[in-house]
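Letters A, B and C mark the chains as written, and numbering starts fresh at 1 in each.
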Amino acid sequence: MGDTMSTETRPGDERFFLRAGPFGLARLAEVSGSDVRPAAEGQNETALFRGVAPLHVAGPEDVSFLDNRRYLPLLENTKAGAVILAPAFADKLPARTAGLVCKTPYLAWARIAAAFHPAPSSSGVRHPSAYVSEKAEIGDNVEIGPFAVIEDGAKIGSGSLIGAHAMIGRSVEVGERCRIGSHVSLTHARVGHRVTLYPGARIGQDGFGFAVGPGGFETVPQLGLVVIGDDVEIGANSTIDRGSMRDTVIGAGTRIDNLVQIGHNAQLGRCCIVVSQAGISGSTELGDFVTIAAQAGLIGHIKIGDKARVGAQCGVMSDVDAGADVIGSPAMPFREFFRNVATLRKLSKKSSD
Amino acid sequence: MGDTMSTETRPGDERFFLRAGPFGLARLAEVSGSDVRPAAEGQNETALFRGVAPLHVAGPEDVSFLDNRRYLPLLENTKAGAVILAPAFADKLPARTAGLVCKTPYLAWARIAAAFHPAPSSSGVRHPSAYVSEKAEIGDNVEIGPFAVIEDGAKIGSGSLIGAHAMIGRSVEVGERCRIGSHVSLTHARVGHRVTLYPGARIGQDGFGFAVGPGGFETVPQLGLVVIGDDVEIGANSTIDRGSMRDTVIGAGTRIDNLVQIGHNAQLGRCCIVVSQAGISGSTELGDFVTIAAQAGLIGHIKIGDKARVGAQCGVMSDVDAGADVIGSPAMPFREFFRNVATLRKLSKKSSD
Amino acid sequence: MGDTMSTETRPGDERFFLRAGPFGLARLAEVSGSDVRPAAEGQNETALFRGVAPLHVAGPEDVSFLDNRRYLPLLENTKAGAVILAPAFADKLPARTAGLVCKTPYLAWARIAAAFHPAPSSSGVRHPSAYVSEKAEIGDNVEIGPFAVIEDGAKIGSGSLIGAHAMIGRSVEVGERCRIGSHVSLTHARVGHRVTLYPGARIGQDGFGFAVGPGGFETVPQLGLVVIGDDVEIGANSTIDRGSMRDTVIGAGTRIDNLVQIGHNAQLGRCCIVVSQAGISGSTELGDFVTIAAQAGLIGHIKIGDKARVGAQCGVMSDVDAGADVIGSPAMPFREFFRNVATLRKLSKKSSD
C-alpha cells in the first residue's frame, strides 16, 4: 500500500489550525469529564500538555487516545504523556503515561482536541471586496470573506462567519455563531444558531417540480422555504431544495455529510445522521435520531420512525418503523437481507454443481 | 415526528417571492384552462384571490388544490375560496368554496401558482462588481449579478439573468431568457433559450478520458462542446462533461435534477427526466421522454429507447427498448425484479425453517 | 433517437480550444511513437495536417483514429488524410490515406490530439479583481483569474493556473503547472505538481466526525490535511475531506471523476481510477492501480489490494484482495454475482410456472 506514513504531518499543524493551551491534567480532566490516573513514574502532575496525537506519534507533551482493544499494542509502546481511555484499559497504561479515564473516551477526546484546537471563530472583519446590501442587517462581530454577497433584507446573527464567495440571498435569516463556508449558496431559508454549512452547499433552490403540459413540462412554482434548526451541519456540495407549498425542515442537531440530496418538503427530525451521497426524496419525513447510511435512497412521501437505521445503498420504498434496521434494495430487515444473501449463494452453488 | 407544522410559513412569503394579482375567478379559469363552478353560497363571483395555499391553510382569498382522493377529508374542511380539482371531485366542494374544474388539476395548479408568483425575471441591471469582457456580446435587458464573470467572445441573449459568482467561459453562447444560477461554471457550451441552470451546476469541463502510457495515465483532449436545447433545466451541483470528439447533447425540454452526472458524448433526447444522483456514462444515448429515476446508473455506449423508464438505483448494462420499464442491478423488467424478490424471500424462509 | 449529427460541431473549434500545427507525418509519428505507412496514392509525404476528427467527418488535412474492429466500415469510406491504427488493420487503409501504425493507438491518439490542441497553460496574468494576500508566495508565470482568493501563507508553484472564483486557503501549498478550476475550494492541503482540480471540487473541509454527547452530537476536530500527489486529477464537484489525526492521501497519478466522495483519512495509492459518484469512506486504503467504478461505495477502515477492480454500484463491506474483481452489494467475485443472477432467474421462473 506504499509508505503512507512518510506523507504524514503532525496533527494540528499550526500553519493550518488554531492552537490553545498548554493545559495541565486537572484542566484536561475538567474539560473532558475524566478522572486523572497519574503516571506510575516519571511524570509530574504539574506537567503541561501542548497538543493531541495518535498513540504511535505522540510524545510526552501530547495527549493521546484509545477506544478499541485492537490498538492495545500501540498503547504499550506509546510515548504519550497522557492517554484518554475507558476504565477497562486503565491498567494497561505504560509507567510514564498518565490516564484520563472515562466511560465515553471518544467524547472526551473530542472535547480535549477542541480545547487545544478550537474551531475558527469570527474575526469580526468584513473584507472590503465583499458586497453587502445596505438593506441587510449584520449583527455584531460578523466576519465576511472576500467576494461574499449578502442581499437585501438578509439578517446575519452576531458572531457568524461568512466565507469567501458565499451568497446569502434576499431576506434569508442566519442565526448566531454560524459558519457559512466558501461558495455556499443560501436562498429562501431561515437558519438557526451555531449552524455550519460546508463549502459548496446549495440551500433553497427550486425543488424538482413540474407538470406535463401540451408543449412539454411546465414548472410548478416552489413557494416554501428551507428551515434549518440550531446546531445543524450540512456537508460540502450537498443540496437541499426548498419546499413547494410547505417548508423543507432540517431538525436541530442533525448532521448531513457531503453530496447528500434532500428533496422539497422533506422533514428531518432532531439529531439525524445522513451519510454522504444519500438521497431523501420529496415530502419524506424522518423522525428523531434516524441514521441514513451512505448512498441510501428514500423515495418520496414515506415516513421513517425515530431511531431507525437505514443501511448503505439501501433503497427504501415504504415506511420504516421506529427503531428498525433495514438494508437492501428494496429495503428489508438486516437479518433477512443477510439470510437472502446466504440462501442465494447456497442455491447458486448447488445449481452449478 | 415532532410538530413540523409549527415551523411552517405561509407559501409564497413576499419577502422571498414575487407576487402578482389579485385575480378574479374568470381570469384564473382562463390562465389554467378550467371551468368555474361557483360556490353554492357566500361567495360573490367578483371576489378577488390573492394567493395559493394548501387545503388546511388556505383562507377565503386563497386558491387551493386537490389531486388525490387521499386528501378528500381536507377538502371537506377547507376554508379556501376556490379549489382546483378534477370533475370527479367537484361535488365534494364545501358550500362556500368555488371550484376550478379541469382534467389536469396539477397543470392548472402550476399555472395559477405561477400567475400569483411569477419566476424571477431580469432586472436588466449589471452589478458594478461583475467582470464582463469587452469582447462579450450582452443582449438587451440582461441582469448580471455581483462578481459574475463573462469571458471574451461569450454571447448572452436578451432577458437572461446571470447569477452572482457565475462564470461564463470564452465563446459560450447563452440564449434568451435563460437563468444561470449563482456559482455556475459554464464553459465550452452552446445553450438554447429559456434554459435554467441551478446553483453550482458544472457544464463543459473535460470528460473523464485518458490513455494508459508508460509513465501513468495520459489525458485525451476533450474537443467537443456541451449543447443544451431550449427549455432545459439542470439541477444544483450537477455535472455535464463536454464531448471528446462529438458534442454532449441535452435535448429540448429535458429536466435534470440535482447532483446528476452526465458523461462526455452522452446524447439525451427531448423531454427526458433525470432524477437526482443518477449517472449517465459517456456516449450513452437516451431517446425522447425517457425517465431515469434517482441514483440509477447507466454504463457507457448503450441506447435507451423513447419513453423507457429506468427505476431508482437501477444499474443498466445494456440497451433498453422503447417503452420498457426496468429496475434492479443489473436492470430487468419491473415484473421480473419483484418476482425475484418474492422468490428469494420464499426460498430463504424455507431454507431457514 | 433524433438526428444528433445535426448538432455536431467539428472537434477542436478554435473559438473554444487552442490549436497548434500544422504538422507533417514525420512529426506526428515522432509525437505518437508510430510508424508511417504512406498512402498508396495521391498523398505527398510532405503533406501537412491541421487537426483531428472522427473517421466519418475527417478530411484530407485531418488525422483520424481507429481502435475497434466495429468501425472498419467507417475506415473504408473515410476521407481522412491519415489514420492512427494497430498493425492488424493497416492493410484496410483506403488508398489515399496514410497510416500511423502502432500497438497502442489510443495512446497515440491522445498524444497527437494534444499536439494539435494543447491544454490551456498559464498566461502569467493576474486579474486585477483577484484577492491575493501579501503573505502568499506566488511563483513565476502564475495566472490568477477574476475574483480568485489566495490567503495568507499559501504558496503557488510556477506555471500554475488559478481559475475564476477559486479559493486557496491559508498555508495551502500548490505545486508547479497545476490547474485549479473555477469555484474550487482548497484548504488544509498540500498539492503536488501538474495536478488538475476541476470546477467546484471541495478539498480539505472537515471530515464527518462527531461524538455523541449528552445534549447532541459534538464535533471531533479534524486535524489532518489532504495530501495530493503529482499528476492527480480530481473531477468537478467532488469532495475530499481532510484527515482527522492523519492526512487524507491521494497517490500520484490517480484520476478521480466528478461527484466522488472521499472520506477523512482515506489513503489512495498511485494511478487509481475512481469513477463518478463513487464513495470511499473514512480510513479506507486503496493500493496502486485500483479501479473503483461508478456509484460504488466502500465502507470505512478496509483495504483494497493493488490492481483490484470494484464494479459499478458495488457495495464493499470488507477487504478486497489484490487483483480481485468484485461486484454486487454486498461485493462478491464477478463470476459469483452473475451466477447468482442466473440462478435466481431460473428459480423465479420455475416458481411462477
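Descriptive notes on the structure:
By definition in this document, contacts are C-beta pairs under 8 Å (C-beta built on N, C-alpha and C of every residue); 3 or more make two chains touch, one makes a residue touch a chain.
Keep in mind it's a predicted model, so treat the numbers as computed, not measured.
The chains touching subunit B as well as subunit C are A. Interface note: subunit A and subunit C, two copies of one sequence, contact each other through mostly non-matching residue numbers (shared numbers fall below half of all numbers used). Computed from the mean C-alpha positions, the centre of subunit A lies at a distance of 29 Å from the centre of subunit C. In subunit C, the residues that touch at least two other chains are 147, 165, 183, 200, 237, 259, 270, 277, 295, 313, 329, 344, 347. Put simply, subunit A touches subunit C in their complex at residues 1-2, 4, 7-9, 11-13, 15-17, 52-54, 104, 106-107, 109-111, 113-114, 116-117, 119, 127, 129, 145-147, 163-165, 181-183, 198-200, 231, 233, 235-237, 252-253, 255, 257-259, 270-271, 273, 275-277, 294-295, 312-313, 329, 341, 344-345, 347-348, 351-352.
Considering their complex, residues 131, 147, 149, 153, 165, 167, 170-171, 183, 185, 187-188, 200, 202, 205-206, 208, 210-213, 216-221, 223-225, 227, 237, 239, 241, 243-247, 249, 251, 259, 261, 263, 267, 269-270, 277, 279, 281, 285-288, 295, 297, 299, 303, 313, 315, 329-330, 336, 339-340, 342-344, 346-347 of subunit A touch subunit B.
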